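Next come the structures, one after another.
Both complexes shown next keep chain A, but they swap its partner, so chain B is in the first and chain C is in the second.
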Partner chain A sequence: MLDQHLLSIILFAPFVGAVILIFVNGERLTVVRSIAAVSSGVSFAASLYLLYAFRFAPGSAQFQFLEQYEWSTALGISFFLGVDGISVPLVLASSVLLFAGVFISWHIEDRAREFYIFLLILASATIGVYVSLDLFFLYFFYEMSVLPMYMLLGVWGSHTKGYLEMKDTAKRDSVGFIFNFASNSKEYAAMKLTLFLSAGAVVALLGILLTYVGTGLHTFNLIELQGHEQQFTPWMRSAIWILLFFGFASIAPLWPMHSWSPVGHAAAPAAVSMLHAGVLMKLGHFSILRVAYWLFPQTTKEWAFLIAILCVFSIIYGGLVAFFQRDTKYVIGYSSSSHMGYIFLGMAAMNMISLGGAVLYMFAHALATGMLFAMAGFVYDQTHTRDIPSLGGLGRKMPFIMGAFVVALMASVGLPGTVNFIGELMILAGSWEQYPVQTVIAVVGIAITLAYLMRMFMGLFLGEMDPKWAHVRDAKWSDRLPLLIMIVGSLYFGLFPTQFINVISAGVQPLLEQIHQAGAVASAGGGG
Partner chain B sequence: MLSVVLIPLLPLLAVLINGIFGRKYLKESSHYFAVGSVAISFVLSVSLLVRMLSGASPITVNLYSWIFGGGFDVHIGFLIDPLSSVMLMVVTGVGLLIHIYSIGYMHGDPGYYRFFTYLNLFMVSMLLLVMGDNYLVLFIGWEGVGLCSYLLIAFWFEKESATKAGTKAFVVNRIGDAGFLIAIFLIAEQFGTLNYVEVFERAHELSTSMATAIALCLFVGAVGKSAQLPLYTWLPDAMEGPTPVSALIHAATMVTAGVYMVVRNHAIYDLAPIAMTVVAVTGGATAIFAATIGLVQTDIKRVLAYSTVSQLGYMFLGCGVGAYAAAIFHLVTHAFFKALLFLGSGSVIHALGGEQDIRKMGGLKAEIPVTAATFLIGTIAIAGLPPLAGFWSKDEILGMAFKGGHEALWLVGMSGAFLTSFYMFRLFYLTFAGTTRMTPEVAHHVHESPAAMTVPLMILAGLSLLGGLLLGFPPEGGWLHAFLAPVVSGEGAEAHHGFGAVDVALMAGSVLIALAGWWTAYTMYVRKPELAPSWAARFRGAYTLLLNKYWVDELYDALFVEPSKRLGLAWGWFDRVVIDGIVNGVGRMTAGGAWLSTWIEKHVLYAFLNVIGYGNHLGAALFRRLQTGYVHHYAVILLVGLFLMVTFFVWWQGGGVGSLLVQR
Partner chain C sequence: MEFTLTISAADLLLMLPELLLTGLVCLILVLDFSFPKIGKGVLAWLTVAGFVGILASLVWMFAAGVHGTLFNNMFVLDAFAMFFKIVVVVATLLVLLASLDYIKRIYLFRGEYYVMVMLASLGMLFMASANDLLSMFITIEFATFGFYILVAYLREDDLRSSEAGLKFFVLSVFTAAIMVFGISLIYGETGTIVFPELAASRPVLTGGLVIGFLCVLVGLGFKIGAAPFHNWIPDIYQGAPTPITAYLSIAPKAAAFAIVLRIFFSTFGEFKPEWVWLVIGMAALSMTYGNIVAIAQTDIKRLLAYSGIAQIGNILIGLAAGTKMGSDSVLFYLLTYLVANLGAFAIVIIFSNLTGSDRIEDYRGLGRRSPLLAAAMLVFLLSLAGVPPLAGFIGKIYVFAAAMREGLVALVIIGLINIVISMYYYLVIVKKIYISEPTDRRPIPVSGPMKAVVFATVAGTVVIGVYPKPFIEWAVASTSLFSHLIGP
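Our next item is the complex of A and B:
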């Protein structure tokens, strides 16, 4: 019973929480928070169970925990859930970050009920993408995850530095047409993010519809759609692949489609940044793997070089730009977009180690960046600024946060002992043979990562403390609990990654078999 | 074997205990766990050494399978052989003494518990580094010591110079690590395993070019960690950390990790003559380069730091000419006398209430006699006068270089030896001899350090006095060589060939050059103190060059930091102006189109089609009502929309609500 509906529980627990919250008196903060905590906790516990219940022994099914309900037979849509080794870590990451985010947001009092409703819907939709085996619902959840972001940024977000110093307050506050917003206001960020991601989604949708029409199978079922790549002309499948890839990569975000991301991070409240960088961005990588790689293995092989080129830009560009940001969240935002480049590198190399590493790194990055955003948010709540040069010396006042920050930093730069190290190592080791130049650049990129994160750490916590920060306090239990969960996760899976790697390999292997078989068939056909 | 596992595990437990309970509960008693755990590790290391001495075969311990699956198979495992047990003795032995010393030195510091937590974490990492049986465990330790080095340099984190120095150390080390990582990939690619034993067994299968590539990449890592040219700049700055840290990490253990790594991999280096030359030349160049900077520095710790860089250069010189055992020998003796010198300088700084400038010292011999006497022993040892420790090990490296046909390197090494002897005696005389230049209030408080600090000094002095003789006499055939022979003897190493006339001549040369250095320093700083400033004035150009450390930091700034800064800023600008410009431009175009169609609507269509216009108004009013501004209304609308969609689909496909619940 539990196993049969495990995915539904993980997916709908936050959603049910959101529905219940609608009927709760928003003034009663404790009740509101408890409902959010319980519903996200159920999802978290169930996805932990999922990790250990997933069978990876040779011969196990590729997709497990299947649930299928008819939706529209005419269009060939069914509500079809299932996970493979690639989605399991991402589901876990989503539910961990949701659970952590609920506690990180504990202090929110302004319309807390609505905040939690949107947060829960956001997480639920994200999980929905990861567990959907029906292309229609994958897209549905994908779009659905973008919309709450708009609200969360626009209402509970914060302006970036510079906005409040703008002299022309009339212009600053004129609510109206989108481009009247100052480009560092939260409204602008929310608008930009939503439009950008929707535009990306529409491009991807075009690819999806072309696939649907082109196969002529009248089904959105991803398993049935697989293996019909050869029905398309080479031009057509390349076009579809490009549409799918760039459509989904805009959320990843791949350079040069990244510009919505740092702005969006900066404007978002801490918990939203965590989910955004931690799991929302990975929707891009995941959807590329699930749709473009899975349905068009041969085309993927032909176009992988493009990924390998663009990923280097992401890595170096993001890293160097991050170094010169003043806003903590901009630093972490650019850092995330740089780290996404590593995942693309692993995806481009397409072998067991590199692709497995990429998936593991998605999970690892979710935890590490979640910690960083949680702490940047904490510091912002205490000091009401994210401007690095005006901070400093906070370490005396918040030793716990400083210690946790060191761990997050260790994880972000991939020091051994954290799960990020394993992911990074696998990506680089796997890519080495095929893309030695990119790998060397990526290895150098790690040193850049260290440089800008150290600079931020130094700027926030070290040095003399400005007396005006005398009032700041260290973390309370509601800040500590989520950080500790993420720290323990990062270190535990860094020391004992075997379970994870096995699960991931079980998911990566069939995908790679498709890709390499498709190539073999095509070349054999071409030769004959 | 339990005792092997316990060696790194006990300090790790101490880290956890002090890290969790230190701040609130343990405070000034944090050192019980810290020192206790290291002491037990030391005893266990001694027991392992005894086992090794009795001729036991290397012990391998496989703890657990760390990364397994997906084409990867790496375990956490330890290898105890003569080389690692020598390193264990250095790490735990010198480490223990420095832990004890720290009890006195750090007494009363508000971060006392934090200091011991970091120090123990360092011990854990360093132990993993020397004990690991594969490259990834080595790498864990390698990165761990880098992190701890950062944490400890920036220990007094309210001091801006300290935090900057720590960051610099960490980042420069990471640049070196890039090379190390690539070497690991190459090894994994070539052998399909990262286990030392398996790799070295099959090392001969490597082509010369591949061996050279691996060896050079590994060496890039060693250059970063062991502060060689061109990545040495972090080490002098690292002196911002507390002095016990300088002694432990930046003299005796961590910085020698590069030497350990090269010796450990000698099977690969032996196959790559070009890489060997690079190692030897880098070592020789660093040895003399750093020594020249050391000539004019005025900060007691910085002189020692440049001296460390220079001595590490000797070790690499030894590695590069195939004198692996001699390199390890020098590593061991250097750990003794350099730890002694650093701890001695710490004792001086402690006595003077934080003063580090040797121009404000002088005449301390009478005030702090134990420190002065032990420091003198350290000075003689490093200067290379027999029979103290440094003489035997340094002379052996130089002798091997000469006899191996590397006369130029030998000459460089000899010149470096002269400089070493000079700057060390200069340091000693300026600090301890002559009349005092202290300010009266500093002079008033001068006191000898407590026993917790002087006893480690005395023990290290004893080791510096006799260590060389015990471990390495007769040259090239001493006890240490015999012990290390099973590990380091490869094709490169030649059998001990007795003691010839050449050796005696070389030794005599070494002694003479050391004496010459001492005599010069004695003349310039004791007999005729007026000489030093007049020479500085006469060779103003050279003096300024050295005083500014050849402007290398400034050069790196201009070459690497500034360009990447510009690039970062330019790309940031590109992001804001070009990429965002395109995005906003598209937005504006849409807006323009909307405005245009609105205009057409209003002025063209509206005039004729009032009805449609009116309909528009109605629609707008409706939608306006939806936009109440109450956020929870939006949430309800979202959910209602969802519900409607579901209902629509169900109705449309004609299956009724029931079909939704029927599982296919």
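Our next item is the complex of A and C:
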């Protein structure tokens, strides 16, 4: 019974929470927060169970916990849920970050009810993408995850410093709203993010519709659609693959489609940045794996070089720009887009170790970047600034946060003991043979990461403290609990990664078999 | 041709909703004139009750599967006509409810207002059943006649209303003349005006027929408000009383699409390779023009007018597909457009009842003033923008999928680009509502009938979006007369 509906529980628990919140009096903050905490907690507990109930022994089904309901026969859509080894860690990451995010946002008082409604819908939609085995619903949830971001950034976000210093308010809010690139209002960030992601989504939708029509099967079922790659002309399947790849990669965000991301991170409230960098960006990688890799394995092989080229720019460009930022959230934002490059590198190399590492790194990065954003958000709430040079010496006031920051820093850089280390090592070891140049550059990228995170650490916590920060306090329980969960997760899975690696391998292996077989069949056909 | 008119009781049954409505019109008129003491509110509620009865009769006929033709094929009642009749009656019912408060700002002829709305809806009920060129022309003009008066109903109170009425009248009569000229040419070339006979006669595409067809297209394009025949829409939407704008943006368009589908798919279905380019052009132009110009609007009624032009462009994508699936998608999209657009106008009515303003700027901080109204507006705007899990998203995917199966990739690309453009201006309103701080913090009172309208449209938008299966099936079942049009 539980197993049959496990995915529905994970997916709909936050959503049900959001619906209940609509009917709750928004003034009663404790009730509002408790409902959010309970509904996200149910989802969290269920996805932990999912990790340990997933069968990875050889011979187990690739997709498990299947649920299928007829939705529209006229269009060939069914509500089809199921997970494989790739989606399990991402489902877990989403529900962990949602649960942590609910507590990180405990202090929000302005329209808290609406905030939690949108946050829960955002997380629910993200989980929906990870568990959908129907292409239509994958896209449905993908689009659904974009819009709450607009509301969360626009209403509960924060302007950057330059914006508030602009004196001409009429100009600032009219023309400046569209054209002002120097100083970003939260409205600007929200609109830019939404439009960029919508544009990426419709590009992917074009690829999806071409796939749907091209197979002639009249279904969106991802399992039935698989294996029909040869029905497309080489030109057509390349076009579809490019559309799917760039459409989905824009949320990843792959260089050069990343520009919405740091702005969005900077404007977003802490919990939203966490979810955004932690799991929303991985929607891109996941959808590429699930749609482009899964449906077009041979084309993937032909175009993998493109991923390998672009990922280097992501790693180096993101890292270098992060080094020169003054704003804490811009540092973490650019660092995230830099780290996304590692995942792309692992995806490009396409062997068991590298791809498995990429999936593990997605989970690892979610926890690490979640911690960093949570702490940047906490510091901002205390000091109302994110400007690194004007901060300093906060370590004496907030020892807990400083300690947690050290762990987060170690995790982000990928020091042994954290789950990031294993993921990074697998990616680098796996891609060395195929892309040695890229691998070397990626190692340099790790050094850059260390440099900018150390710089940020010293800027925030060491040195002389400005007397005006005398009032700041250390983390309360509602700030400590989520950080502790993420720290424990990062260390536990770093020390005992076997379960995780087994699960991921069970998901990665069939995908790679598809890719290698497709290449073999094609070359045999070409030879004969 | 000898024209004998014998009507049996069974024949009258086919026109049951129309006959009931005619009776209702007479009743309200007589009561209004004979007993001036009766409050106008009573008349209004009587009208609403009457419409509920008509809707019930339609539902009964739908369930019983009544169908047939009358008057030598002039009037046809089939599942297709039934769909549009139900749509028109539901739209009218919601508009009547939405008018109850608004009408209080009009001092004279309040009773006649309801009569005019009913006459227009009577015309539209007949439009859904029109089965030859002549009845098409007459029913369209009949339906439009009520609107000539309704658009100008604010008279001296708002000069824009009078201006809108005059503009609407002049332009509408002008295109009607073009259309009737086209009908005469088609009759001259083929010798018949009845749709099925036209299709059966397999006409040759002569110059006269082409010109006749184009002239009819001008008339129909004007009615659905597709570019390049859209120029009347913004001024008239802005000037007309808002409930009438809401009505005008939905019911006549739906009824006109009944005729458009019959003409394009059945009557001239054979000439699809020729007309498809016209429809593709109109669709691309409507979407792009409507969306780009909407960005610059400061008045919410004008913005919804331009967004309406773009939405019609989206529907035309389904028409361009020219298949059974295309017609299904058109019908389904009309449903999604009906609930979302009517809902958005309902919020505009509620807002202007208190503030008297339609400026987007005045919607600042609505999220703080009236959270529920703001949430409803958010739902409607996002549905129009095509965001899941709302109705508009399914509608858009449906028309795109239908067009894609016919290989209209370029048109789908234009449609997809337009989704992103439209997202911008819908979000600008969302920004005003939720992000900007209010200048005036008074909450906005919502009367009972308006609550009913908003609730019904929100429920419709969400339900169609989350569980569209019965609605898709209804659309599929309604277009069985096009089942010979199967794509390659």
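The rule we apply is simple: the second predicted complex is superposed on the first by the 517 of 528 C-alpha atoms of A that agree within 3 Å, B and C clash if a C-alpha of one lies under 4 Å from a C-alpha of the other, contacts with A are read in each partner's own complex, and residues count from 1 in each chain.
Operating definition for what follows: contacts are C-beta pairs under 8 Å (C-beta built on N, C-alpha and C of every residue); 3 or more make two chains touch, one makes a residue touch a chain.
Being a predicted model, the structure only gives us computed values, none of them experimental.
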{"item": "Three-chain arrangement built on chain A, chain B and chain C clash or fit", "value": "clash"}
{"item": "First, second, both or neither for A:Ser490, with chain B first and chain C second", "value": "neither"}
{"item": "Which of chain B and chain C A:Met426 touches, first, second, both or neither", "value": "first"}
{"item": "Which superposed partner A:Thr194 touches (first chain B, second chain C, both, neither)", "value": "second"}
{"item": "Contacts of A:Ser72 with chain B and chain C, given as first, second, both or neither", "value": "both"}
{"item": "Chain B versus chain C as contact partner of A:Phe323, first or second or both or neither", "value": "first"}
{"item": "Greater chain A contact set [chain C / chain B]", "value": "B"}
{"item": "Contacts of A:Gly463 with chain B and chain C, given as first, second, both or neither", "value": "first"}
{"item": "Which superposed partner A:Gly26 touches (first chain B, second chain C, both, neither)", "value": "both"}
{"item": "Touched partner set for A:Met151, first chain B, second chain C, both or neither", "value": "both"}
{"item": "First (chain B), second (chain C), both or neither touched by A:Thr418", "value": "neither"}
{"item": "Common ground on chain A, meaning residues reached by chain C in one complex and by chain B in the other", "value": "22, 26, 70-72, 74-75, 111, 114, 147, 151, 155, 195"}
{"item": "In the complex, chain B residues that touch chain A", "value": "23, 65-72, 136, 139-140, 143-144, 147, 150-151, 154, 157-158, 160, 163-164, 167, 170-171, 174-175, 177-178, 181-182, 184-186, 188-189, 564-565, 567-569, 571-572, 575, 579-580, 583-584, 587-588, 591, 631-632, 634-636, 638-639, 649, 652-653, 655, 659-664"}
{"item": "Chain A-facing residues of chain C, complex", "value": "325, 328, 367-368, 371, 375, 382, 387-389, 393, 397-398, 400-401, 404-405, 409, 412-413, 416-417, 419-420, 423-424, 427, 430-431, 434-435, 468-469, 472-473, 476"}
{"item": "Complex interface listing, chain A residues touching chain C", "value": "22, 26, 70-72, 74-75, 111, 114, 136, 140-141, 143-144, 146-147, 150-151, 154-155, 186-187, 190-191, 194-195, 198-199, 202-203, 205-206, 209-210, 212-213"}
{"item": "Chain B contact footprint on chain A (complex, rising order)", "value": "18-19, 22, 26, 67-75, 77-78, 111, 113-114, 117-118, 121, 147, 151, 155, 177-179, 183, 192, 195-196, 256, 259-260, 317, 320-325, 351-353, 356-357, 393, 395-396, 399, 406, 410, 413, 415-417, 422, 425-426, 428-430, 432-433, 439-440, 443-444, 446-447, 450-451, 454-455, 458, 461-465, 495-498, 501-502, 504-505, 508"}
